[in-house]
Amino acid sequence: MLDAIIAHYNYWLVIFLMMIGLYIVISRGNLVKKIVGLNIFQTSVFLLYITLGKVNGGTAPILTDKPETFSNPLPHVLILTAIVVGVATTALGFALVVRIRESYGSIEEDDILATERAEDEIAVNEALS
Amino acid sequence: MVHIVGLGASLFGFWLLMSGHFGPLLISLGVASVVLVLYIAHRMDLYDRETFPVHLKGWIFGYWGWLAKEIFKANIDVAKIVLAPSLPISPRMVRVKATQKTDLGMVIFANSITLTPGTVAVDIEGDEIIVHALSQELADGVLNGDMDGRVTALEER
Amino acid sequence: MSLLSEHIPVLQVAVPLLSAPLCSLLRGVRLPWLLALAVSWFAFAISILLLIQVMDSGDISYHMGNWAPPFGIEYRVDVINAFVLLIISGISAVALPYARLSVAHEVDPRRHGQFYTAYLLCLTGLLGVTITGDAFNIFVFLEISSLSAYVLIAAGARQDRRALTAAYNYLVLGTVGATFFVIGVGLLYMVTGTLNIADLAERIRPLADNRAVQAGFAFIIIGMGLKLAMFPMHTWLPNAYTYAPSTVTVFLASTATKVSVYVVLRFLFTVFGPAYGFVGLTFEYIFLPLAILAMFIGSTAAIYQTNLKRLFAYSSVAQLGYIVLGIALGNIAGLTATVLHLFNHALMKGALFMALGCVALRIGAVSINGVRGLGREMPWTFAAIAGAGLSLIGVPSTVGFISKWYLILGALENSWWPVALLIVASSLLAVIYVWKIIEAAYFGVAPEGRGPVAEAPLEMLAPLWLMVVANFYFGIDADLTTSVAGKVAATFLGSGS
Amino acid sequence: MNHHLVLRVVSKLLIPFILLFALYVQFHGDYGPGGGFQAGVLFASAFILYALIYGVDNAREVLPPKALRFLVPVGLIIYALTGFASIVMGGNYLDYDVLAHDPQHGQHLGILVIEFGVGTTVAAVMVTIFYAYAGRTRDVDDEDW
Amino acid sequence: MEMILYIASGALLAAGSFLVLVGTIGMLRLPDFFTRLHAAGITDTLGAELLLIGMMLQAGFSLITVKLILISLFIFFTSPTATHAVANAARTMGLKPALVPDEDIETTSVRRGSAK
Amino acid sequence: MSTEMALALTLLIPSLGGIAIACAGRYPNLREAITLITASVLFAVVISLLQEVSGGREPTLALIEVVPGLPLMLKVEPLGMLFGCVASGLWIVNSLYSFGYMRGTNETNQTRFYICFAIAIASSMGIAFAGNMFTLFIFYEILTISTYPLVAHKQNAEARSGARLYLGLLIGTSIGFQLVAIIWTWVAAGTLDFTIGGILRDKIDPTMLPILLALYMFGIGKAALMPFHRWLPAAMVAPTPVSALLHAVAVVKAGVFTVLKVVIYIFGIELLSETGASGWLIWVASFTLLAASLVAISKDNLKARLAYSTISQLSYIILGAALASSLGVLGGALHIATHALGKITLFMCAGAIYVATHKTKISDMQGLGRLMPFTFAAFCIAALSIIGLPPFAGSWSKWYLALAAADAGRVLVIAVLMISSLLNVAYLMPLVARGFFRPAPPRQPVGAAVTPGARFGLAEAPLLCVIPPCLTALGCLVLFFYADEVVDLLRPIVG
Amino acid sequence: MFIGATAALLVAMALTLIRAFAGPTLFDRVLAANSFGTKTVLLIGVLGFLTDRPEFLDIALLYALVNFIGTIAVLKFFRYRNLGLSNTEAADREEID
């Protein structure tokens, strides 16, 4: 049992990162921290794919003259792509946070929700009157 | 003009060193790359003595040899302090007069101070460098003016 | 021409992809729009050609860079995705003529280049997800479309700053969904060593008991569930649709979730196959209850909305419930309903959100109080809302009826009587929220201080009415759509056994 | 001023070499683990270093945002057009074999051009992002970014 | 010759590793930020360079050595710069160093004069 | 003109008429002329079809197959012919009356009124000539939706809430029950075509028949079977011509017509009588019949009283269907026509009284008969017809129903019929009695209009409000003598 | 022997992390992070030899660069709360402080 756990340490790490990331996304009210959590969550995927590409005895897939056992190069291409996607998401996320801050004056979810609710109430009152 | 040519030449040397391929395609790409970098450097307004210190010529290697020796000695000293159970330190701040005339010389001096463990150049105020030292002996290594003199000499050759 | 015809599959994606950066180079307001319009029409033409070609001579496979699958990326077109491609590009082709005035009104004029760039990228992503035969490529295109969708939604901030928080929430949940999906794909890849969907399908069959396959299945379903706003993972949707610019809402509401549904179908039926035990369990224990909850909670929430865009957004949650329900039925009639509703719902929501965009153009915010008495002043717009609303309810002779008809047949085929009754009952909720608007518009008294309101310009009315007419045309002559949808359903279920 | 003397002088020395290194990585993509992506990052990092030391305003003069707005799509267009070029030359999309007389040479050329497109876009995007974040102060208004 | 090179590079690697560890220990042991700067310096200078030279000996005259030289040059230029920058930031932002009793800058200034 | 074309025209004429009315909206005289012409042309076309049907033919027009096995189809058969004649014929009369009423009360939104009216007639034609249950259902829904604006016509809060109830109940029952029943039928029988003898024999478990029947009966909300009758009184907020449309011309008639269609062509009379699946319906119909009559007596508002009367009268027809015999069905079908004539007269009279005096309560109408003798005479004739006294048409339908009950040996049903006739007397005759035999109120002419007969000391409503009820009252009398012709027409449906 | 160096570097990195987490000042953390980066560069190099794939060195160089620029950027940010100031502006700010 313990052996199995240790043998799959990489998966445990993936799961650990995933859980941490998700937890941050869900539990934090700070919009920036949420994005950070999202990043950690995505990192778990990179790790998973690296794990996938690891063939026993193989190394990074860079072409040399020597014939060798290579790790499967595909996952690395995939990770690179996933990282680009992740970076783009993060950049866009922060861009939104910046604009939210400029508009609402806060990056705390609670404050923003309170502001929005207050606006809603005003709108409803106007509608009723 | 001297600076441009010097920078260009050293950049191209740098390219050849790294590339290791001397086919027409990569050589021409190398030339194009150097030209592009020179153009950008021009736009960044980097063409002056600092960008390519041509005036230092070969003397710098002599200085580096001396500096390597100093770094080596200082490393041993600080390693001893760190490993000694009693942790025999007596940290202090000292002001060191820098006699260099150019910014580049000043920077070489400051970085040399930092490179030798036991002393760190914390700030430059006018012609003085403020140095944090781990002990009086280590501070004296800078305060004795030897390093300052060598850097100034380097600058004047 | 033969040069082109051989390459249509890649042109479907590559042309919008190339035009997106081109678009960002264009200045002014008119040029970016024109380019987007031209590209949309081109994509529409291509997708028609593809559908014809597929119907005539079977599946098309196109290999990127001449790497044969499973090593290279393959674009694979069959009836299923040809139909979805047609929906996406068709909606885009109708939405863009409408877009010019609406976007000019709602989006900062200095940002039109960016806006249409994002729009084209979104279109590219959606088309790409649909056409590609590579699981990882799906993820990449999915994120291209999602990222540009966030940008498009945030463009609504000029009208209401909540577009920002809406886009942010969508970004967080959408990213979590995409990440779940890509984890699932990774797990499948780990076990099978392939990312090609056709290849995956072959290799997964003998591995039904593998735990990584099961985990991969779960990750993919949950991930795509988030992307398609399956109840209760729909929380991002209402605000996103409400605060996005009207054109964006029209386009996204009609296409984005549909494409995610397509991906779910693809994995459920093509990759795992209906025979895979987990698929059946998913139908019965996950999709069925969630779909029914979505139908009722979505519609009930819609009834209580005062913002009309949000009202129809909640209605979308309910309608996605119908779509998922069709999957849950797991038989030909049910799947036919799902596929049909992809198209039909695109028609109704496209029309409804277009109409709301017309209203927004004239009076700004679209609240139930704001539209009181507008029926007389904007007769064409509100007649369109009434027509598409009837379709949403599912009145016979509209497309909504056809979808529900097949849905009910599917339920009855499984002898799920209560489900059939619930489908009918949920339509009644739609009556309530649609009629709320009709009543306010036609029999309400205009709020004080609102001056005379002009009817929306013809440029916007024409696409709107095209959609409305389509709602009725395909509701009365449903032969074309039902035969394609039926074929799609048969292909899916046939691939299982 | 003197606080930053060391930084200024050292980075002045480094920047041209970092830029050239980036270009080296760019054009040696198929020999090592380089390629357009890394090259783009390197190139942009040299610029970011310059901007950090000399201020974003100076950096904007060297590489105006207008140019960036042009470079980002141009990189992508290079990428996509290479794909179309292979169609025109009679192959499948992104099939580099057909780009030159012999397939291997074609591969080489195709990758070189594509990587150049990627590198351009990556560098331009990174600098754009840096400008966007570094250039803003607390009270910029919504329209200016 | 190969043998000598092999032993030499092994010794350099061992010495470098040792110095890296010492520097790290110093970073943990020393009492305040400014003193820790010196320990970090051990790692950055001799520790790093010895390791890199050890590797160069292994690689012989090749492209690899060129790259190793580039790395060592880069570290040689940037590590003092970075250290200086951190120290400078700490000082300008008001972090006070823990100094030996009653020794402040003024008194040391006088000492400098006498040393000259 | 081919019969198929004529069949298509029954839908096209009112639809095109609606469009023409919309275009002529700004010219009231032109608009109303178009209405009248459309109604007349439509009636002519329907009559031409009547001749075909009397000849024993069944013109059919398949429009389109919506989904496989679900065609949109028109087919003329005797029952539909009867409904078609009633609806199109009464539209003419009702149009004339509307001109008088709408102008007399200065209503707003008159163009919308005439457009919706035309669409309602078009959908009534669709219902009458639907070839299968699916087609019928579509037109049934269009009728609901097109009459909604008519009910909400006044646009005030009361009108809106009344209209909301109207729409809610009709759409709700039709989707919630009727549609379910239709789908069930389709799944079981594989078709929805109207076929003599029904389509369900051997297709469905006999124990399920009552449930399916219940889904249909309660799903046809327009037939106002209790407890889904509330929409009818709620719709009373509408102008009187609309009430006439609802109660006589189209809506409730469409409901009971659908009931008969379902019983005759979907279930088949024989299947129902063999299995007794409609037994429960007899009692529900009887209950509705009596209860509605009792409620009617308690209403002082004339239109409300008439509304409950309608609920009660509709249950006669449902009762006829529930008896599941030829006589019962014939009686029910005949009652569609006789009640239509009677009820439209009553409503037009109520409207005329309102236009002339602005009175709505029966207790306020004492002695009005002396000022408005024509109106009250028409009212009296129609009331007698509905009560079922010869020589008025209503007596025939009741006669057939009583015969059917006797045939089936249901003594209690006969008793119900008799009691209800007494109740009819109790809620209809007091107005006549008060009108003629109480002293006349002091004269207070309403409005500036010169009312007809003023120089004879009368205070009638405008001519256009008085002539139509007189015509329909006359119709009640005439139909009594021509009832046999109607029964002959209907004979084929019971085989 | 590369194994020994790898092990030493890994231990050193772990210890550096302790300092990074312990702080106590921001500058301690920055210093630790910078030092961690230097060790990472060395580790990448050593690993390249260990796995006989010296091409890793390019990555090491890239990492060294990122480490340097990152440190500068962090310091600048915490000093001025703004990355875009030029030297002169920065000096002005310090005067005010």
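Residue numbering begins at 1 within each chain, and the chains themselves are lettered A, B, C, D, E, F and G in the order written.
Note that contacts are C-beta pairs under 8 Å (C-beta built on N, C-alpha and C of every residue); 3 or more make two chains touch, one makes a residue touch a chain.
Not measured: the values here are computed from a predicted model.
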Min route length, chain touch network, chain B to chain G, equals 2
Overlap of the chain B and chain C neighbour lists contains D
When each step joins two chains that touch, the fewest steps from chain A to chain B total 2
Looking at Cα centroids only, farthest away from chain D lies chain F
Note: chain F sits from chain C at a C-alpha centroid distance in Å of 45
Here the gap between chain B and chain E, centre to centre from mean Cα coordinates and rounded to Å, is 14
Expressed in whole Å, how far the mean CA point of chain D lies from that of chain G is 24
Dist(centroid_CA(chain C), centroid_CA(chain G)) in Å evaluates to 47
Each of the following residues of chain D touches two or more other chains, namely 3, 6-8, 10, 13, 21, 32-33, 54, 58, 133, 136, 142
Residues of chain B that touch at least two other chains are 18, 110-111, 121, 123
Residue numbers in chain C touching two or more further chains are 157
As the complex stands, chain E meets chain B at residues 19, 22-23, 25-26, 29-32, 34-35, 37-39, 41-42, 45-46, 63, 66-67, 70, 76-77, 79-81, 83-84, 87-88, 90-92, 97-100, 103-105, 108-109, 111-112, 115-116
Counting only contacts in the complex, chain C reaches chain A at residues 136, 139-140, 143, 147, 150-151, 154, 157, 161-162, 164-165, 167-168, 171-172, 175-176, 178-179, 182-183, 186-187, 189-190, 195, 306, 367-369
Per the touch rule, the chain D residues reaching chain B in their complex are 2-3, 5-6, 8-10, 12-13, 15-17, 19-21, 23-24, 27-28, 31, 50, 54, 58, 61-63
Counting only contacts in the complex, chain A reaches chain D at residues 60, 62-63, 80, 84, 91, 94-95, 98-99, 102-103
Per the touch rule above, chain D residues touching chain A in the complex are 30, 32-33, 37, 129, 132-133, 136, 140-142, 145
